[in-house]
């Protein structure tokens, strides 16, 4: 029975444990319930990934109603991949959160915090698995609203403005998405993605060519794309991101940076391939011509700005914008290799950003702040944390034998396969910039001396260090034995592209 | 005739939107927004969307406007002038947006055209022709909301739940050991000076609550359902709060109870789905609930509507309580500060300068 | 017949709208909004009879209830704001006096 | 002794050559608390590694193909090993000198009372593993990965002393090596892959096809060649040479093995490999860019020698000498005459044997007599005769005089330059050799012929000879230089096979 | 009549533009929220317009009525309204907290304080 319903349980379990957390009321109990829910989701996600690899697309009719009438859950390989990333990061973050949350969030808010974390988690998973364009909007809003709360629940007042700005832009993005879906609905009469894709290729009732060539559908695509760009934080729509990641509680920064943008990218893929796939959006709109330059400029500008940041979390946030740029480049190429590289980078970026933010969280736990000046020499006294930080940093730069290298390599290859020499050179330039900003952090943490008279610092508690190290080792593991991840992302890309082929 | 009403209402909307853009006074902007919602709700009635009209009226004119007003009461109505450069930029972006949309409308089917894909797609017929027979429920929106797209509604309930938790987490009153010192005039709170208003309005509260129950139960046959009922229920409680003060209202339904109710509603909804799975059906397949599938559907829809109603009523009440408490604390602190200042000024005249 | 009623109602709504837009005092606006709500209740009822769908009267009822509650709420918050301004004025006077 | 090695299959030997240094590193860490066992295990690992490389050499001599594919994380990034003559030569040199250096390091580190010796030996071993993997890489992609691994593994060695200068040097080191490799070398690797569809080292090169098909212009290929020459900054072609003198803050065994043999040779090795197996000699000859690059390398040769003359610090003088000598090899590669390429290959071995001897000498002076500067060395030969004698032999080898192996490689280089018609290069080579006579031979001359500064200061009048392990190591390497003079045939065969690919 | 068939869409576009303009140009946070709500409400009007069927009736089954408007957009907008009010409530409570912590709800004054800290 569980196998049959796994696809829905993976989303619904955390969704329903969230109110349970509130009923339980106490922070520790809520934490326990949340951890159990997330871990079982992780197990189910692995199970689903295996099945998708074996059997192809999985389907589930919610309420027992056949698709265009009811909502359908439809899990393809790309979805399963992102789902696995999200649940894996969740499974690592939750044990970590116990100590960190106690330090950073007021006691009476703990149960609410875990409830919101679960809702955000469930919303993100819902996006990965849904086959219905409107249901995607609902899931998006669940995760977004929960995110706004998560960001602002800490004690830093700057998180409030960050969350507010995120709320405004996020709502605009979601509304754009809604407009796009509305246009598509008007031209197709359905909300099911596959049904939409089918009708888009049909001839119009008035006999004027296929539906996808109408101006309405083009406008719809434009709205969907811009709305999703906002969620992805693609340059120049990234303004909300740095402060959100910088001032949110550590656990939230780690979780969001590793998952939220990835899921948003999946939404983009859904728009481009699953919904509009057969109409090949890249022909209808100048997407590649705008997306690749925006992405590359974004990667450069963000890397450059990151160098001048004096706050570690802000620095990492800007680097996230740059990394999102890489993924967007891969998608903008509109080739299978590019798409596969993007998906692979998605996995790897989740691991490395997760590592880095968790490691920074360990430091925050002991030091209480993230300004670079205040962290001089801290790494020397926290050897395990700084090991994780260094590994994550190397991966971010893209040093061989780390995860970051493999995906950057794949991306560069995809770029060069289309002879975009300048793009490749610019990607390398932004990698060079990443050496500078990562080097700066490592330099301050490890090489500078603690100011005289500073109180000695201990290593963070075991339950925080252990998850951090697990992810850090993931960086190495996916750098050395990355063939499986690469194979899965290649297959996922192939599947998405094959959907395009008529 | 419908078209004429439609157009006049749209003209009203346009004038309000322009006024809202131009006005410098936040209070009038908020009031205009209220009217805007009211008119659009009327427009929804003209466009046959009665359920939406009910919700928009309850939410737009009711909840949103009042929340904005409470916020304004504690933040003030002052607005600093906007720099011109920013206005030009905003205008440019809006025009680009509008141009894209106009471009999009060029190929749209005209309003109400029966040839539009929205109406020719088989699912449209399914919802209007098969569904009443299959479900035995005259209001086509209700089964669509609660069963065909019941999962969306679960998500919607989760969103409401999140909002409730979020507001609690942000401005919910801390369970502090030392509560704020209470200024005596505020202890009673509410409109205690207006005796007549109090007496008259008090009589209105039970009908409102009763009416909420009617809307909850009658959703199968007419406009209404859990969400609308929840909002109406909450507005009844809000009336009570306005008349007798938030402290009193908090004693009637304790915030802790509300918090648990928020969770309970969502759990009821999800629980139905899990029971369906245990019964061997798909998630939210109510037909498994009874031997006769139609009965099962009715049970299921009633139960989840109840869940929605509970969560929504609890969340809206919680939100309004939290906002009102926040405002009250704000006013009280201010008064205390001023009093202390006044005392200090009286005792030592030099310090005032 | 219904059409004529509807048109006249729309006229009334338009007039109240002008008041709501022009103000000039807060109480003008509040009154206009309240008035507008009442017209809307009537409007919905008229539309309901035009369509022969009696269920719409439920909506009219809700509008009426909310309009009442809303007006009280608005007045209450205006009152609070008024009190605050009084206090501020008192504060300023005290600062000016010494 | 062939029978001794026969029982091991070639594949096993290949893997074992890479794994045994790593295993050695693990052992070193595990045995850290017990210095004797730790250092012993390090030595044993070195010997085992060398034997494995020998086994591979025997297989190659016998004409067996030695290749294996490890894994392919993403398409185009294939980790594969394939042994060819040049790689074998490099691996032989590195693996032979590793146990010797270890022997030396044991004495040096203990006499110098260095801290963190466990860490030192562990990273040393990891570096060697990466170097061997680089030497055996079957394609540019895996070569690049190894190249970066070497940079990272040596970083802790450069910053070993953990003081301000060390960290500053570390920063320059990492900055230049990482920056050039990511910015230029990686771009070159990807460019090759994009143009040729493969990065496999193929006799005759892989880029001639795309050029013939008109997919790429000569100018682009010239730029590509430039990316490699400057991108492999470990070769220290000016202007990317500054990391090498900086890296001299590391303990002397590091300078000796890594910054005279393994790391810097990884750079020139990369360039040689690229010229021979990616571009192909014929193709490079057609590119106008190669002349330009040739003059850059030639300038480096002369300039480095001039700078070396002005350095009083012994290790820095040797560092600049290394820069010059490395550019000899780059020159040899870029001259693209068969003789010069052979000479370049041979010079990898000859320079390694010579320069390591010199560094051993410098280290012995530092640890025994606490002398860092050339000007302090007057008359020291009488107290440390073995050290200074070996130093003299090493100097001869670098200069290219008999009875040392350096003579053959220089001869081949000059011959190649002459055949290729590059007169100025011949002149540059000769000038540089003359200069090296001045800056290198002057040292043993001072040590033996000048009188000691007779107890003016009275510091360390009788410090005695260097530690015995150091002396053994020095004698071994000096002997190696001489042996290369007497029996160059084995290596010569190898380099010839490189330029005349077996069908 | 063809022109009238599009007027809903175009008016909705103008409404949406004004809402978006208010959202972008305002620096007062509450005003931004009001603009956002106008923007969203206009989108709701658009959705409901798509479901309208000429001569169709309220989608509640009644004797003697054959054609009904499509109820699907109604359901979608019910959900969207709820989502809208949820984010409005969250936004406003954030504003209250910002007012508490910064003492202002004007964007540039808050930014100025953030830069200083």
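First chain written, first letter: the chains are A, B, C, D and E, and each begins at residue 1.
Going forward, a contact is a pair of C-beta atoms (placed from the backbone, for glycine too) under 8 Å apart; a residue touches a chain by one contact, two chains touch by 3 or more.
Since this is a predicted model, take the numbers as computed values, not measurements.
Traced through touching neighbours, the fewest hops from chain D to chain E number 2. Chains touching both chain C and chain E: B.
Any chain touching chain C that also touches chain D would appear here, but none does. When C-beta pairs in contact are tallied for each pair of chains, B-E comes out on top.
Chain centres here are means of the Cα atoms, and by that rule the chain farthest away from chain C is D.
Of all chains present, the one whose mean CA position sits nearest the global mean of protein CA atoms is A. The chain with its Cα centre farthest from the Cα centre of chain E is D.
Chain A and chain E, compared by their mean Cα positions, are separated by 27 Å. Distance between chain centres (mean CA atoms), chain A to chain D: 45 Å. With centres defined as mean CA coordinates, chain C is found 18 Å away from chain B.
Centre-to-centre separation of chain B and chain E, using mean CA positions: 13 Å. In chain C, the positions touching at least two other chains are 53, 55-56.
Chain D has no residue in contact with two or more other chains. Across the assembly, chain E contributes 20, 33, 50, 57-58, 60, 62, 72-73, 76, 79, 83, 86-87, 90, 94-95, 97 as residues in contact with two or more other chains.
Contact between chains, per the stated criterion, is found for A-B, A-D, A-E, B-C, B-E, C-E.
In the complex of the two chains, the chain C residues touching chain B come out as 2-3, 6-7, 10, 13-14, 17, 20-21, 23, 26, 29-30, 33, 36-37, 40, 43-44, 47-48, 50, 53, 55-56, 58-59, 61-63, 65-70, 72-74, 76-78, 80-81, 83-84, 87, 90-91, 94-95, 98. Listing the residues of chain E that touch chain A in their complex gives 20, 23, 29, 32-33, 36, 39-40, 43, 46-47, 50, 72-73, 76, 79-80, 83, 86-87, 90-91, 94-95, 97-98, 101-102, 110, 114, 117. Residues 1, 5, 8-9, 12, 15-16, 18-20, 22-23, 60-65, 68-71, 106, 108-109, 112-113, 115-116, 119, 122-123, 126, 134-135, 138-139, 141-142, 145-146, 148-149, 152-153, 179, 183, 185-190, 199, 205-206, 211, 214-220, 222-223 of chain A touch chain B in their complex. Residues 51-53, 55-56 of chain C are the ones that touch chain E when the two sit in their complex.
On chain B, the positions that touch chain A within their shared complex are 100-101, 103-109, 115-124, 126-127, 147-152, 154-156, 158-159, 161-163, 165-166, 168-170, 174-175, 259-260, 262-264, 266-267, 270-271, 273-274, 277, 281-287.
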